Amino acid sequence: MSFPLLTATAVLPAIGAIATAAVPAARRTAAKWLALTVSLATLALAITVLVRFDPDGGRYQLTESHAWIKDFGVRYELGVDGIAVALIALTALLIPFIILAGWHDADPLETGSRRWRPTQGFFALILGVEAMVIISFEATDVFLFYIFFEAMLIPMYFLIGGFGDRAHEHGEEAASTQRSYAAVKFLLYNLVGGLIMLAAVIGLYVVAGNFSLQEIAQARANGSLHMATSTERWLFLGFFFAFAVKAPLWPLHTWLPNAMQESTAPVAVLITAVVDKVGTFAMLRFCLQLFPEASKWATPVILVLALISIVYGALLAVGQRDIKRLVAYASISHFGFIIMGIFAMTSQGQSGATLYMVNHGISTAAWMLLAGFLISRRGSRLIADYGGVQKVAPVLAGTFLIGTLATLSLPGLAPFVSEFLVLVGTFTRYPAIGIIGTFGIVLAALYALVLYQRTMTGPVKPEVSAMPDLRARELVVVAPLIVLLVFLGVYPKPVTDIVNPAVKSTLSDVHKKDPKPEVEAVAK
Amino acid sequence: MSPLQLAAYSTSTGEAFQFWVLGTVAVIGALSTVFMKKAVHSALSLAGTMIVLAVFYLANGAYFLGIVQIVVYTGAIMMLFLFVVMLVGVTAADSLKETIKGQRWLALLCGLGFGILLLAGIGNASLKQFDGLAEANANGNVQGLAALIFTKYVFAFEITGALLITAAVGAMVLTHRERTERAKTQRELSEERVREGKHVPPLPAPGVYARHNAVDIAGLLPDGTPSELTVSKTLRDRGQIRDVSAEALNDLRALEQRAQERLERTEIEPATFKREEASK
Amino acid sequence: MNPVNYLYLSALLFTIGATGVLIRRNAIVVFMCIELMLNACNLAFVTFSRMHGNLDGQVIAFFTMVVAAAEVVVGLAIIVSLFRSRHSASVDDASLMKL
Amino acid sequence: MENLIALLVAAPLLGAAVLLCGGRRLDAVGHWIGVLMSTASFVFAVILFADLLGKDAEHRTLMQHLWTWIPVESFQADVTFRLDQLSITFVLLITGVGSLIHLYSVGYMEHDERRRRFFGYLNLFLAAMLLLVIADNYLLLYVGWEGVGLASYLLIGFWQHKPSAATAAKKAFLVNRVGDMGLSIAIMLMFTTFGTFAFGPVFSHAGDASEGKLTAIALMLLLAACGKSAQVPLQSWLGDAMEGPTPVSALIHAATMVTAGVYLIVRSASIFNGAPDAQTAVTVVGAVTLLFGAIVGCAKDDIKKALAGSTMSQIGYMVLAAGLGPIGYVFAIMHLVTHGFFKAGLFLGAGSVMHGMNDEVDMRKYGGLRKYMPITFITFGLGYLAIIGFPFLSGFYSKDKIIEAAFAKGGTEGWILGTCALVGAAITAFYMTRVMLMTFFGEERWKNQPTRSPEAPSAEPAAEHRGEHAEPHPHESPKVMTIPMIVLAFGSVFAGGFFGIGDRFLHWLEPVTGHSEGDSPLSAGAVTGATMVCLVIGVGIAYAMYGRRPVPSVAPRGSLLTRAARRDLLQDDFNHVVLVRGGEHLTRSLVYVDHTLVDGVVNGTAASVGGLSGRMRRLQNGFARSYAVSMFGGAAILVAATLLMRAV
């Protein structure tokens, strides 16, 4: 029995969370450093996973399997394929930046404010979320996955409801009420999704007799496990609904803007860049593998919904007055792309979607965190309160511009690769949808540049005239992300090499082949 | 023939007769337990029902239980009830007036439905086979029970023992109250009364006549009306006050008449008399 | 006569007792009704034991009595202390479960 | 030798990286780094060119494979460079003119404290543009395509504190994005059709594909070209782009970037050849644009905008030529190159004039400048002669060829196109003469009047820190600015002759683009004659209007056409009303819908649940007896259930 690497990767942050929470209240800074070191150690572990993973090897690697609840055949089964590895790496990579960016977000407020901000709690919760996200990427047992998929909500709820922006245009009271509204909304949406999924999970157990993803998928593949068409469809819908809520798909998206608007920038990044990825990931891993026929049956509807999300999210982003809301709607649009890629059922589409999850994580992190730095300087989230920042804070403006360009997926930056792959993948099978999807590119340019123009350019507003440029800590947060954006934009091969085999086997699960070109121009 | 065989057979007409008579009594007892206004009456009618049941136990060949039923239930438990009733006395809770809206109708509905369903259940239950207790009670009912209790059910038996002890202790704990605060002295009590502006002097005595046991007769005010203060509260709650004001006044009038005839005096209008009385 | 009648009787008594529990406010009377229900059950037990010709039913009835005794003791104690504290034996007065 | 190709891009890219990340430390030497890098890449280009000349015509293609970019199953995008006659022509033009303009900017931006960044952007542009022309597959080309878009965005908006500049930049980027959409769809179509989008296989198999597919691809490519090359209907951004510093206008919006569309079409020749309908579309776009641009150019008083109009129209010529197919490809490129020279020269001249006139751009406030800035006058004059196609100057050869080709298209189509081209030539002559006269001749209207009228649309704020607010005293620009102008003037005089005589250029490009002589209804001589006539007419009218009578220093109201032309023939107003307003309304209503409908449904459910539970709460009245009732009822129901079960 070799060293349980995956378990370690998930457990380490969990332990770190407990330890951080246990730090006495007075030793605030110690807690921060502890959390940071733990997250970095987790990153190291994740990198080991990345290294130990052999792209050309078996489908699930580094597997661990122990009996857990014998009566229901629930097992503690972990295993990673290329997609999971990529996302684990992303998660482990982003958390240190999130912690670093939120370094002062949970410091106690100046005296006179009635809000109590437990610093230790903040960082402990972030680590807890990391642990749960990682294990739900690793779980190959449906029940195990479900547990952590749901448990994730608890820390997220407290992060959203407990820690808001330091300054708020409507004052402390309004802020706290809006915060709790957002938190409750987040919780309810996801709980409903989870509940429906639970029903589906039980149904799956009734049909299949166990929870093991691999066994069921195999049984489905070699036909030894037959599902009635209607049963399969119902179960599929149960799973998909939960994932569609988590990775907000129109019209289940409205919790995201509130949550991202009310929470601090790092938490917002945690939501959109890390937690939501579980939803899209799960579509790819569970929906397609467990219910291939039903997935194909639902594809047209889902594609249309994804298309709506793309255009709708972009249009609403254009209409926003609040920076964070704008970013949130942009994310909705991007998630539309991801889902579209997944259900295009082509290798380009799904590789692109996976790549998109990674790239979107990085680019949104960069963009949102920079927006957070901007907001923390001026103490307002309204776009109208800014102007001419690039004159006073050129570095901030420059980095923000790069984040903006990444968001509108400029070629040469990482998001372009994935977005184009998704579009091509969709286009090869559904040309019309692919073409409408490309409109998303223009709209993206519109909202991204409008935000940049209104905040950064133009005459300098008196309120921003004294704004300081990026501090060392903030630069440390942003610079690596930007480097990564450029690198993955120019040389995405490492990631695609890891992802492609997994996608290939997923496609074989759903019995789909890439459409052949009209003319065989390239000699095979 | 011995009750032993009697129990064994399906049923003798004697038992049938006994059942129909006593059964009616039992039901009536039960009903009156529920619907009697006063707790005491309820207790008594319940006791009656229990005795009837005891008889039925005997008839069913459960001799031991029958006796125990009389001794324990009717003897001990019902008496306990009566004690508590005495302790608590008569309260407003006794009134059958319903306070919760719709409670009564719901209750009756449920009861009716439940009863019907239960009877129906028994009705369509297949209770064909019927073998009496002949061989079970072969060597004595008590012995048979004992054999079961001390072998098969010994564990449960022990448990119930523990339960009884616990119950006894619990009851003691609940009812026995340590006096936490110092008892009020005479002086404090009187001061308190004065402060509250209650009736400061001792309460007036009931009207005393040689004719009656006096305690339940309210004393009369000079104008002949009875005074509530003079009788004890319990009697008042029970409504056991006897109002004699009317006849008392009549006697008074008769007395005066006789006095006039004897002393040839002009009569005094009761009005003025009353006034003088009032002015006194 | 068929001993099943005993069962009918017990059912009847049980129902009456239950109804009593529902409609009486005086805690003591409620208690009595509960006793009535217990006795109805006992009758059923005894009858069954006779019908099936073994004594287990009687044993159970016996245990029921024991338990009933214990329960009455505690219950009455509760009623008394309740009465001491709030000078009423009405069940409805103890409606503190409401928010 | 192949390995040099990467350096073409690498050098300016490195420069950009250094300059943009370097920080204030490099402010002192930044601009020289920029110049150095661009010159370096020019040197590489020359070396490669020499190498290509060494080979025989068929094998003049160098390939360099760097790394596999995006490998997903059959989707294989490589970073591969291809240097053939077509690419090298562009590379030389870009690096050559680019270096000159770098040099010029050293002087022009002298007083701007953000000069380092300016050069960083310029280098970035060079890198992207070079990538565009040497890419070996369409996806890589797309990278360069958007890269130049980004660079032009940054440079147009270089003076970001001016809202007008920021807006213009955003507009340019957005309009380009629309074009880019075309390009990406074209790439997808290629992938579905050929399974690849690398030049080699696509071109070699273009014949096998169905005409419908080819037409679709071609039209999408045309859309892209329209966006980048400011062709109708996506031309609206070019005028506003003049908000950028003049060197930018010269390099990006005259010489190089805007011609990328033409490059795309010529590069995709084999696709267009297979789609005649698409070709017709191309020619139509070209013809319309060349007239549109010319007309706009006639009405503008802002010297840069007038030149912008002219650029539009000249590119219209090129697109027209490219649309003609093998007859025209070569001439399109040839005109592109010569135009690169003289239009860059003209812009630099305009810049030098503004430099001397406190950044006054309104030509009505110029006049009689020839004796104050002789060098500028001469170079500008030569560029002028070249563009109107004065005999034996560059424009003469290239434009003349295009007009011939247009007629050679044959049939009514040929006649129509030819006439358009001729009319265009006449108008060109008119508005260029107008510019010339208003700027360098006539009485000096800038005398005794306050400097720069506030309403001057694109006044460059450089003046603010030059702190001049007295009457302008025109002066010749420093050497560093005049030398590039002289070189370009030289080019605009002789390039055409060098290319045209003996069809040197034709033979050079033929292997790549292919060439065929159409059957022209008119002889070459006749066409030339006609062109000359148009030229004379145009110049004559202009002289009559602006040379004889004094030019009013405030623009007269003018005819309806004039007023329309001043406003870019109302194209912007159309965009504003239809797209901008419509978009605003759409988004606003959508925000409302999202808040009330989508969100409202959810909140409504929540509210109803709350109300329901509020009622349910009443049941918990706290009376033990009512609980007992429910309990009892439950028991009854249980009994009923069991009975029913038994019964069933």
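Order as written gives the chain letters A, B, C and D; numbering starts at 1 within each chain.
Assume a contact is a pair of C-beta atoms (placed from the backbone, for glycine too) under 8 Å apart; a residue touches a chain by one contact, two chains touch by 3 or more.
Labels paired with UniProt names: C = NADH-quinone oxidoreductase subunit K.
Keep in mind that this is a model prediction, so the values were computed, not measured.
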item: Contact-richer chain pair (by C-beta pairs counted) among B-D and A-D; value: A-D
item: Inter-centroid spacing, subunit C versus subunit A (mean Cα positions, whole Å); value: 62
item: Chain centre separation in whole Å, for subunit D relative to subunit B (CA means); value: 106
item: Between subunit D and subunit A, distance of the C-alpha-averaged centres to the nearest whole Å; value: 37
item: Between subunit A and subunit B, centroid-to-centroid distance (C-alpha), Å; value: 74
item: Residue numbers of subunit A (touch at least two other chains); value: none
item: Subunit D, residues touching no fewer than two other chains; value: 621, 623, 625, 629, 632
item: Junction residues of subunit C, two or more chains touched; value: 18, 22-23, 25, 91-92
item: Chain-chain contacts as defined at top; value: A-D, B-C, B-D, C-D
item: Of subunit A, residues touching subunit D in the complex; value: 185, 188-189, 251, 253-254, 312, 315-316, 318-320, 347-348, 351-352, 388, 390-391, 398, 405, 410-412, 416-417, 420-421, 423-424, 427-428, 431, 434-435, 438-439, 441-442, 445-446, 449-450, 453, 456-460, 490-493, 496-497, 500, 504, 514-522
item: Residues of subunit B touching subunit C in the complex; value: 7, 10-11, 13, 15-16, 19, 23, 26-27, 30-31, 33-34, 39, 42-43, 46, 49-50, 53, 56-57, 60-62, 64-65, 68-69, 72-73, 76-77, 80-81, 84-85, 87-88, 91-96, 98-100, 103-104, 106-108, 110-111, 114-115, 118-119, 122, 127, 129-137, 141, 144-145, 148-149, 152-153, 156-157, 160, 163-164, 166-168, 170-172, 174-175, 177
item: Contact set on subunit C toward subunit D in their complex; value: 18, 21-23, 25, 91-92, 94-99
item: Touch list for subunit D against partner subunit B, complex; value: 621, 623, 625-626, 629, 632-633, 635-636, 639-640, 642-643, 646
item: Footprint of subunit A on subunit D - complex, ascending; value: 20, 67-76, 139, 142-143, 145-147, 150, 157, 160-161, 163, 166-167, 169-170, 173-174, 177-178, 180-181, 184-185, 187-189, 191-196, 201-202, 204-205, 208-210, 213, 583, 586-588, 590-591, 594, 598-599, 602, 606
